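Chain IDs A, B, C, D and E follow the sequence of writing; residue 1 opens each chain.
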Amino acid sequence: MNELLTLTGLGLFSMIAEIFNFRKAIFPVIVLGLLGLLGLCYMDWGSYNSTVTHFSMMKVDNFSIAFTSVLTATALFWFMMSRSFFEDQTSMSDHFSLVLFALTGAFCLTSFTNITMLFLGVEVLSLPVYVLTGSRKRDVASNEASFKYFLMGSFASAVFLFGTAFIYGATGSFNLENIATYLSTQPQLSPLFLVGLLLMLSAMAFKVGAAPFHFWTPDVYEGAPTIVTAFMSTIVKTAAVAAFFRLFYLSFSGIHGEYADIIWAMAALTMVVGNVIAAAQNNVKRILAYSSVGHAGFMLITILVMNDFAAKSLLYYTAAYSAAGIAAFLVLYLVGSANNGETPLNAFDGLVKRNPIMAGTMTMALLSMAGIPPLAGFFAKYFIFVSAVENGYIGLVVIAILSSLVGVYYYFKIIIAMFFGKPDNLPTYFLTPIHRFLLLFVAAIIVLTGLFPDFVMGLMTI
Amino acid sequence: MEQLVKFIPLFPLIGFAIIGLANRRLSKGVTGVLATGSVLASFAIAVIIFMNRLGGDGQAVTVTLFDWITAGNFSAKFSFLVDNLSTMFLLVITGVGTLIHLYSIGYMHDDDGFRRFMSYLNLFIFFMLLLVLGDNYLVMFIGWEGVGLCSYLLIGFWFKNIDYSSAAKKAFVMNRIGDLGLLLGVLLIFTATGSVTYDSVFAQAANITIPVVTTATILLFIGAMGKSAQIPLYTWLPDAMAGPTPVSALIHAATMVTAGVYMVARSSVLYMMAPISMDFVAWTGVITALFAASIGFAQTDIKKVLAYSTVSQLGFMFAALGVGAFTAGVFHVVTHAFFKALLFLGAGSVIHAMHHEQDIRNMGGLAKKLPITHATFLLGFLAIIGFPFFSGFYSKDEIIIQALAHKPIIGYLLIFGALMTAFYMSRLYFLTFMGKFRGTEEQQHHLHESPLSMTVPLMVLAVLSVAGGYLLQGYMEHNLTLGAAVTASTEIEEHTLHGLHNVMWGVTAAAIVMAVIAYVLYVVKGQRPSSDADMKGLEKTIYNKYYVDELYESLITKPLNSISSFLSNWIDINVIDRLVNGTGGGINALSGQLRLTQSGNTGFYIVAMVLGMALLVAITVFM
Amino acid sequence: MILLQSLNSSRDFLPILLMFIVAAGFVSFVMVVTQWLGPKHKSKVKADSFECGIEQIGNARSPFSIKYFLVAILFVLFDVEVIFMYPWAVNFKSLGAIGMFEMFTFIAFLLIGFFYILKKGALKWD
Amino acid sequence: MISQYLFYFLSFVSVMSALMVVFSKNPVYSVLFLILTFFSIAGHYFLLNAQFLGMVHIIVYAGAIMVLFLYVIMMLNLNKEDEPGTTTMSKIAATISGGILMLVLVAATRSVHGMESPVADSSQIGSIENLGKVLFAENGFLLPFEISSILFLASMVGAVFLSKKEIR
Amino acid sequence: MELIPGISTEHYIFLSVVLFCIGAFGVMYRKNAIIVFMCIELMLNAVNLLLVAFSRQWNGADAQVFVFFVMAVAAAEVAVGLAILMMIYRNTGTTDINVLNKLKG
């Protein structure tokens, strides 16, 4: 609850700070605020038992604390990476307040116990991101991305609400506990419930970008400003998938058998589609966009497995993916901003010569995403595979490993360009101290969380 | 005392960190000393541990660094297993590693990327040590991937050349195919036993059903096939010769490529339970041994010959493992590490002297100009062909004897392979060091012996190649108890083995005869491989006074040459490369089709979503 | 009356419904009557925007100001916010101080938003 | 029963006008038909005893949102009848998939059994007082209520940000 | 059971499914962005209608309160959506969603 208030306060502050000429103070205050938020998470961790609910709407348990910590840390990195981007814009406070409001929504998504909160959280998260996607107002690509995202997002919201209505019709409640109770007491499942469940499933699949509801992802990721893409692929994705997991964990796990096959097929399709299409791309931003679709598929496996270990694996996966995503998108942003915003593969040629830190961190990030040990991404995949194998989804694991093999192929396209390409007529980069620190720090995180996965996994003890 | 093992991987890691972070701030000299010194320190500890164990009871000791992962039913510790097998590998890795680091100081001294090179080498040593030290499959897998990565970085070290980087890519892709098998195998083992730690896996091995263990071991072996360059995943290794020579010596001859052998030997308990897997391993090994040897006949690049010879020798090792002679296989890993590293380093010395000329048709008569290199190379050559009492003699004979005792067909084929080895290695040796110099005037003018930092490792390795086999023979037999079942059965057949030893003398003699034939052909008759331009025309102009020559030519050399070039050109390029490239192409084609769905049209996207939704509901509700 | 009873609905809303019916009836009555009473002479020339002989170019409504649009959008937002206040106002007494605090928080948010809009100049018409 | 006839009448109006929203060539007609749909849905609300909601519905949708739509259409001068770029293919695809969705949903929800009947007389459920009590109760919808103010703030900032001219 | 005399819950479910599908159909069928938005509003109204019907059936006010939030979100979405639309209109001079297909592949 304190976390929610802090975030709201920060959002309000940055919204009006520019008016009061506090422009210079915005960034330090946000950083301090987010650090404070991490402190609050630390204090709250473990002190909540599972009975404390706030207004019967949210429950701050270790699941939500753990995911909030990951989200907050990612947001901290995100602000550090994007500071220079927004500082030369006139509307810095608009951007920052929108992002903070989105974070508020993300926090609701990790701690809700009522579908109302889930719905409002999704909307509070999505609306600012629609706007941010279109924040390059003169750029038609940015406009198009924003429009597509908005249109399909509101369509998905309508589907979500329709599903909610059916669930309410079957159970008479929006409360997740009541729904779970309904499932455990009702011998005969109402057809309304199943339809509602599937519609909600579709909408959540849309939010995490799972096939066949993934179509918005590549286009929107490509069109959005790179900084915003970084936000979407890390924070929005983490929050959405956490919400997905929480919703199904708290309410629907009683009828796991009814929808298991569907999530199985969805996960398989998502992994294959994301990774295979990425293989033929030449724009690095688009490669990362498709790879993000692929990662959503891996994350879906945890929703299929649906136990405590799966929750931990999901936490670890999102943390690893967010760290790698921040690093990769920061490098992408730096490369793109020196190249008129374009990020074709050959803009990375010989990056190792032009800036070893950027190339090194990018390599780490890509290797981690590809799942090469001992980096964090490997264990993230490994834990998910282990949990899936334990529950007998061996076929899915085979598909997952095969598609991650395809993943290695396209990640290496980028690495090869960076190491073996000829840097003709391409600029050398000079990093600001904050970016250099961020790159090195994230690279260290990728390695350290790989070596000590228990640290992240231990955050959550459901 | 075994607790010291913690420091063994630590030193190379520190070396890597210092060199990698300091970069330009360290002089080349300091860098070289630091890199070599860190591995030397590890070697010293390894020796201490080894000596200590020699006097002790030889029990395996587990040294836990920290509790690594505990999540749900899954737990793994980051711990090291010190037993006779891992100690043996430790000695080889750090020992040969030290020598090759030393050698690199001289060999790479003028290169711009000297520091980067040394840091990569240190990193490689670190991962290799993790690979052999880990007490569970997970730590091993980390080392496994890490050495692959370093190998990739080092093959592509001279990345200005586009061929090199494509070779690096090929190496990586092929290794990933193998890794897929390995990972699946480990997951399967985990499913079956609920653990990935060697001890508990082997303790529960009896509870696993035979089909599962067969599948798991074959999957593991697929990993080994990739890493140890067995058919059909071998083509990356010859291509990997694009990297600097010390890399070829260290990674692609002495250490990394034997990781597959280590892994199979480590899992010997599982393999012993699965006869089908054993057959699979043995046959893959023997086919690779013969196939690669036959390709070795026609190669003219000095490093390529050695590369095919490595593939072939690895085939020998797997054949040994496959027949249940795990100890013999590991023994051969050790001796092979000595003499093959020696041969590669010698070749490097030659290349260094010849100013990066690698074609043996342009060499010859180097014995006088490069006395140390020649002498050491000769010893290495004698070791590999199994000249009596050299190291190769002991290990190779052991393999063949065990094979004859357990799977005779494989034994006969291996004898044939040994003879082939003797021939093409002799050809290499004689063409390089004997006869007249065939290079350019300028090259001849600049011929010089390599600096001391390069020749000292050669001499040390030469000593090991000569004496290593004899010294270690007893230790191997008594202290490496792998695949206990086989050892027991061999004792029963003691008298048979004795007879087989006598057979081996005949084989050795035959090998020497092969060498002599090569001597006659390439030195006395001065025959040499025709140049690329007139491969067919020139063959007839070589004088053919003796009927024997012609007979030999038409009966042996020509068929062998044509088979060899057929295998290397046709199968390599048309079958295996096409298979590898075809997979990539297939994915690209599929990708090209799939991306059409991403039409950019919002209306279409929503139609797809609606249909998806309808499908979900229809499937769940109506089925 | 019978109709409304059969709807089971509360009679409190009867006047409102009647008002709607009267309003709708009046509008439709006027529209029908004007159609019926007014003279109808349709011609192409008469439908033209201008009758000065020059062909019209473009459309009369092409230039627009974004400011007006912004005002309309903000109106919608505040309009919807107000609907939350009816239930609060009706229950004002029973909700007590806590309810007061809740609504004040809500209104404070609104005011911050309003302040932001004012300072951003979103409501300036020129 | 008169309520039955009223239901069918309102349903007919809402479905027909909804279809007309989709099929009208002129966007202004679409808006007007949508308003008609909203009124008929408000009628359903009254029918279902959700009196306050019905009024709010009219205020919000017909009174504010649809005015905004109409305003935008007028401002952008979209009262033209042509709609370029619509291919027959896409129309067919839309019709088929819309039809499939309806078919599947109707079939899936057709056999609703075991619905409990209302516990007591529910005429006061939809009253302002009752809704206010639920909305502002401690264990009611207080938190979403406050969160929705954040939503409004976010959309205000977003709308202002996107519409505002960039200062050069 | 009967929500109102002669009319059962199934009737309302059927009605809102039909309205929802008409809305979804309109989203796919029309290419004018404004009308597409309107069709989404239609879908939301189908949801509201269903919620109100269920509220009557369960005798629960929470569904009606939920409808408030749906309305609030609809208003916020419309505000943002129309702002995006105006921005696009300023840059491209059209509201045809077929024009917006540059990002693909």
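Everything below uses one rule, namely that a contact is a pair of C-beta atoms (placed from the backbone, for glycine too) under 8 Å apart; a residue touches a chain by one contact, two chains touch by 3 or more.
Keep in mind that what you see is a predicted model, and the values were worked out from it rather than measured.
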item: Given chain D and chain E, the chains that contact each of them; value: A, B, C
item: Chain with minimal offset from the mean of all protein Cα atoms; value: A
item: More contacts between chains, C-E or C-D; value: C-D
item: Most remote chain, CA-based centroid, reference being chain D; value: B
item: Cα-centroid distance, chain A relative to chain E, in whole angstrom; value: 27
item: For chain B paired with chain D, centre-to-centre distance based on mean C-alpha positions, whole Å; value: 70
item: Averaged-CA centre spacing for the pair chain D and chain A, given as whole angstrom; value: 31
item: Approximate Å spacing (C-alpha centroids) for the pair chain B, chain C; value: 80
item: Of all residues in chain C, the ones touching two or more other chains; value: 6-8, 66, 69, 73-74, 76-77, 79-81, 83-84, 109, 112, 116, 120
item: Contacts with two or more other chains, residues of chain D listed in rising order; value: 1, 3, 47, 49, 52, 56, 60, 64-65, 68, 72, 76, 90, 93-94, 97-98, 101, 105, 108-110, 112, 131, 133, 135, 138, 140-142, 144, 148, 150-160, 162-164
item: Multi-chain contact residues (two or more partners), chain E; value: 4-5, 9, 13, 20, 23-24, 27-28, 31, 37, 53, 57-58, 60, 62, 66, 68-69, 71-73, 75-80, 82-87, 97-98, 100-105
item: Pairs of chains satisfying the touch condition; value: A-B, A-C, A-D, A-E, B-D, B-E, C-D, C-E, D-E
item: Residue ranges of chain B touching chain A (in the complex, touch as defined); value: 67-74, 138, 141-142, 145-146, 149, 156, 159, 162, 165, 168-169, 172-173, 176-177, 180, 183-184, 187, 190-191, 584, 587-588, 590-592, 594-595, 597-598, 600, 602, 604-606, 608-609, 611-613, 616-617, 619-621
item: Residues of chain D touching chain C in the complex; value: 1-3, 6, 46-47, 49, 51-52, 55-56, 59-60, 63-65, 67-68, 71-72, 74-77, 123-124, 127-129, 131-133, 135-136, 138, 142, 145-146, 148-150, 152-153, 155-157, 159-160, 163-165
item: Chain D to chain A touching residues, read off their complex; value: 105, 108-112, 114, 138-144, 147-148, 150-151, 153-155, 157-158, 160-162, 164, 166-167
item: Residue ranges of chain B touching chain E (in the complex, touch as defined); value: 595, 598-603, 606-607, 610
item: Contact footprint of chain D on chain B as seen in their complex; value: 601, 603-604, 607, 610-611, 613-614, 617-618, 621-622
